[in-house]
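Each in structure tokens, the structures are laid out below.
Consider the two complexes below, in which chain A is the common component and chain B and chain C are the respective partners.
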Partner chain A sequence: MAPLVPSQGELQRRRLIGINAETVTNIPSTDFPGHWPGESHGWALDKFKNDFKVDYHRNDPYEASFSLIGLDAAVANAFRRILMAEIPTLAIETVYVHNNTSVIQDEVLAQRLGLIPLKGSVEGINWMHWEQKSTGDEASAAPELTDFNTVVMHLVVECTKNPDAAEDETDARKLFHNAHVYAKHLTFEPVGRQEQYFVGEGAIRPVNPDILIAKMRPGQQIEMELHCVKGIGADHAKFSPVATASYRLLPDIHIQRPIIGNDAKKFAKCFPKGVIGLEPVTSQEASQAGSGYEGHAGEMKAVVKDAFNDTVSRECLRHEEFQGKVKLGRVRDHFIFNIESSGQFESDTLFLEAVKVLKLKCARWKRGLDDLMA
Partner chain B sequence: MSREAYQVPSMGGQNAFSNDAGYSNSMAIDTPSVVYLCGECSARVALKRGDQIRCKDCGHRVLYKERTKRMVQFEAR
Partner chain C sequence: MPGSVHSQDPQDQSMVDVEQPQEELVLDERRILVLPGSSDTAASFQFEGEGHTMGNALRYAIMKNPAVEFCGYTIPHPSDAKMHLRIQTTDSTTALDALKKGFQDLMDLCDVVTEKFTVARDQFNEENSSKMQS
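And then the complex of A and B:
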């Protein structure tokens, strides 16, 4: 018996998650073998290649938004989690304090320094090695510090009085030199092969030079050496290359029965701007019996303009007049990703990096299976 | 030492710790001076053994030790 082939309409219906006033229905995916009697849903590479689609909505260096269409939620979620926790980046890890007479305590200052996002030559950062941190056993000693695993920075600032300041000056930043210590005071010293990678624009420096690190008064000084290493977000959030990496499902609004006149205006107000549009009812629609538009020619009706921007607030479901006229939903396999880079890498390369990490994991898993069979 | 044998230090000198003027003067030559910070004006005050504990600028009598010169290591996490 040949496998049953469901109609396009049925397939479209299966793609939708129902969003009702109090409940969410039809959540799990059903496109796997054995769920629908007589239908074959075996995964095939050709079919996936055919159906899978990527749409870019926005691609700025530090913020990218794109849609992945035709993907399983497990894979989309794996990408999101890898983005946040498993792509190695450079961050300050060890702080050697030679002197710190400011009011902020050494350990607090060290923690603040660690969270400063750094940037530099991407080629150089990729060249650097990432090593699993030693577990503290005596056997696994700390790795030797070399040019390919440690970047050395210094923070040497001393606050002094500004003799040129006006008599009645009250702003500490004008009254004193270096009253505020900013991320721009961090200085980088290339060592060994770092001199080839981190030169000019590629030098290691904070992404934002105006991050406030500490405040000082005359006579106080900070002198410390900072060692930056590569690490992953799973170890500490400072190593996470993204500020946010999230996805949402494409909203779907279906107007089942006509919404006309003042109701249409009210309906449009239930959604963010631009989601619902108002269009005049054509005489053709009005003349059609049973369409619900009879005798309303020229009045305004509500139409779905752009469901993409909807927040699915369900506000329209609270009103009596829209009962049974609208159906809200989300498309189960349409993931709208939003990746905001913290500045070390560009957002779109971060996603490719996540794909690379997932591929590596799959290869490792496959090797494990091979070993199991051998 | 019995209670009776205890001698109350005489307050003749300016400083209770330097009641023996001759002793402190002879030591002042070869004792290294230690730098303290004034609790009032945070000026650096170098004191030798037997010196009066007092800021040379403002006369404040509370002095603090300087921070250690040793390097201290922290993890930035």
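And then the complex of A and C:
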């Protein structure tokens, strides 16, 4: 028996998740073999290649937005989770405090330093090795510090009085030198082959030089050595390469029965600007019996202009006059990703990196299975 | 004496208490175990160091295989970094093969995503740079 092919209308219905006033319906994906009698839904790479689509909306170094269409939530979510927790980045991990007479305690200062996003030559950062943190076993001693696993930085700042300050000056930043310690005070010291990678613009430095680290008064000083290593977000959030990585499903608004005149204006106000537009009812529509537009030629009707920007607030479902006239939904396989890089890598590279990590994980486990069977 | 809660029927293996895991495999310090009570067409695997990221994606890929009757994953305890994956197949394949195919399909999927993403991004960049120049 040849497999049944569902109609376009049926497929479109399956693609929509229903958003109702109080409930969400038609949630799980059903595109699996054996779910719909007579239909095949087995994995077919050609079909996936054909159906999968990427739409790019925005591509800035620190923010990228794009749509992945034709994916299952399980896979899209895997990409999102990997983006946040499994892409190795460089961050300050160990702080050696030689001197700290500021009022902020060593451990608090160290914690603050760790959270500062660093940037530098991407090539160099990729060249560096990421070593899985030892799980506390005595046998696995700390790895030897080398140029490919540790970046050394220093923070040496001393606060002094500013003799040139005006007598009635009250601003501590003018009254003293180095009253505020900023991220720009971190100095990088290349070791070994790092001198080739992290030169000039590629030097390791904070993404934002103006992050306030500590405040001091004359006579206080901070002198510390910072060791940066590569790590992953699953170990500590400071290693997460993204500020946020999220997706939402494309909203879908379907006006089932005409919304005309003042109702149309009110309807448009239920949505963010630009989502619902007003158009005059054409005489052709008005002359068509049963369309709901009879005798309304020239009046304004509500039309869906751009569902992409809708927030799916469901406000329109609260009003009596729109009952049964509108159906809200979300498209199950249209993921609008938004990735904000914390600055070490560019946002689009991060997504590609996430896909690579998932593939590598699969490859590694699969190789393990081959050994298991042998 | 009341009957044991554990069936004596050798067919019903999944309910039997077994102390020792059967096979073990070291792989970058992370292991796959085949949990006790497995047969050719029905087996549970334990993945160490994996979570929902791999679990759900893999479950999806394996469920897409027509020869698989059931596939599900669980993380039995939130403080153990362990993921259990159950696969039951028809007689036309084995659970292990279904798992391998799942990995392969997921890898193929990743390739397609990378390829299409790169094309879409490059095209977007090109259009935008030309927009800025004009």
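In this section, the second predicted complex is superposed on the first by the 374 of 374 C-alpha atoms of A that agree within 3 Å, B and C clash if a C-alpha of one lies under 4 Å from a C-alpha of the other, contacts with A are read in each partner's own complex, and residues count from 1 in each chain.
We take it that a contact is a pair of C-beta atoms (placed from the backbone, for glycine too) under 8 Å apart; a residue touches a chain by one contact, two chains touch by 3 or more.
Every value quoted in this text rests on a predicted model; they were computed, and no experiment measured them.
Enquirer: Superpose on chain A as described above, then tell me if chain B and chain C fit or clash.
Expert: Once chain A is superposed (C-alpha atoms), there is room for both chain B and chain C without a clash.
Enquirer: Report for A:365: first if it touches chain B alone, second if chain C alone, otherwise both or neither.
Expert: Once the two structures are laid over each other on A, A:365 reaches chain C alone.
Enquirer: So in the superposed three-chain picture, is A:219 touching just chain B, just chain C, both, or none of them (first/second/both/neither)?
Expert: The first partner, chain B, only.
Enquirer: For A:40, decide between first (touching chain B), second (touching chain C), both and neither.
Expert: After superposing on A, A:40 lies in contact with chain C but is clear of chain B.
Enquirer: Pick one for A:49: touches chain B only (first), chain C only (second), both, or neither.
Expert: After superposition on chain A, A:49 lies in contact with chain C alone.
Enquirer: Once the shared chain is lined up, is A:107 touching chain B (first), chain C (second), both, or neither of them?
Expert: In the superposed model, A:107 contacts chain B only, not chain C.
Enquirer: Considering only the touch criterion stated at the top, classify A:210 as touching first (chain B), second (chain C), both, or neither.
Expert: neither
Enquirer: Of the partners chain B and chain C, which touch A:95 in the superposed model: first, second, both, neither?
Expert: first
Enquirer: Using the touch definition from the top, say if A:164 reaches chain B (first), chain C (second), both or neither.
Expert: A:164 sits against neither chain B nor chain C.
Enquirer: Between chain B and chain C, point out the one touching more chain A residues.
Expert: Of chain B and chain C, the partner in contact with more residues of chain A is C.
Enquirer: Which partner does A:72 reach: the first (chain B), the second (chain C), both, or neither?
Expert: After superposing on A, A:72 lies in contact with chain C but is clear of chain B.
Enquirer: Please work out how little space separates the C-alpha atoms of chain B and chain C at their nearest point after superposition, in whole Å.
Expert: 20
Enquirer: Let me check the overlay on chain A: which residues of chain A are in contact with chain B and also with chain C?
Expert: Of chain A, no residue contacts chain B in one complex and chain C in the other.
Enquirer: Touching residues of chain C toward chain A in the complex: what are they?
Expert: Answer in residue numbers: 23, 25, 27-29, 31-32, 34, 47, 50-54, 56-61, 63-66, 68-69, 96, 99-100, 103-114, 116-121, 123-125, 128.
Enquirer: What residues on chain A touch chain B, complex-wise?
Expert: 91-101, 106-107, 110-111, 113-115, 219, 226, 236, 238
Enquirer: Considering only the defined contacts, which chain A positions touch chain C in the complex?
Expert: Contact set of chain A toward chain C: 32-34, 40-43, 45, 48-49, 52-56, 59, 66, 68, 71-72, 74-75, 77-78, 81-82, 85-86, 132, 348, 351-352, 355-356, 358-359, 361-373.
Enquirer: Any idea which chain B residues touch chain A in the complex?
Expert: Interface residues on chain B, with respect to chain A: 42, 67, 69, 71-77.
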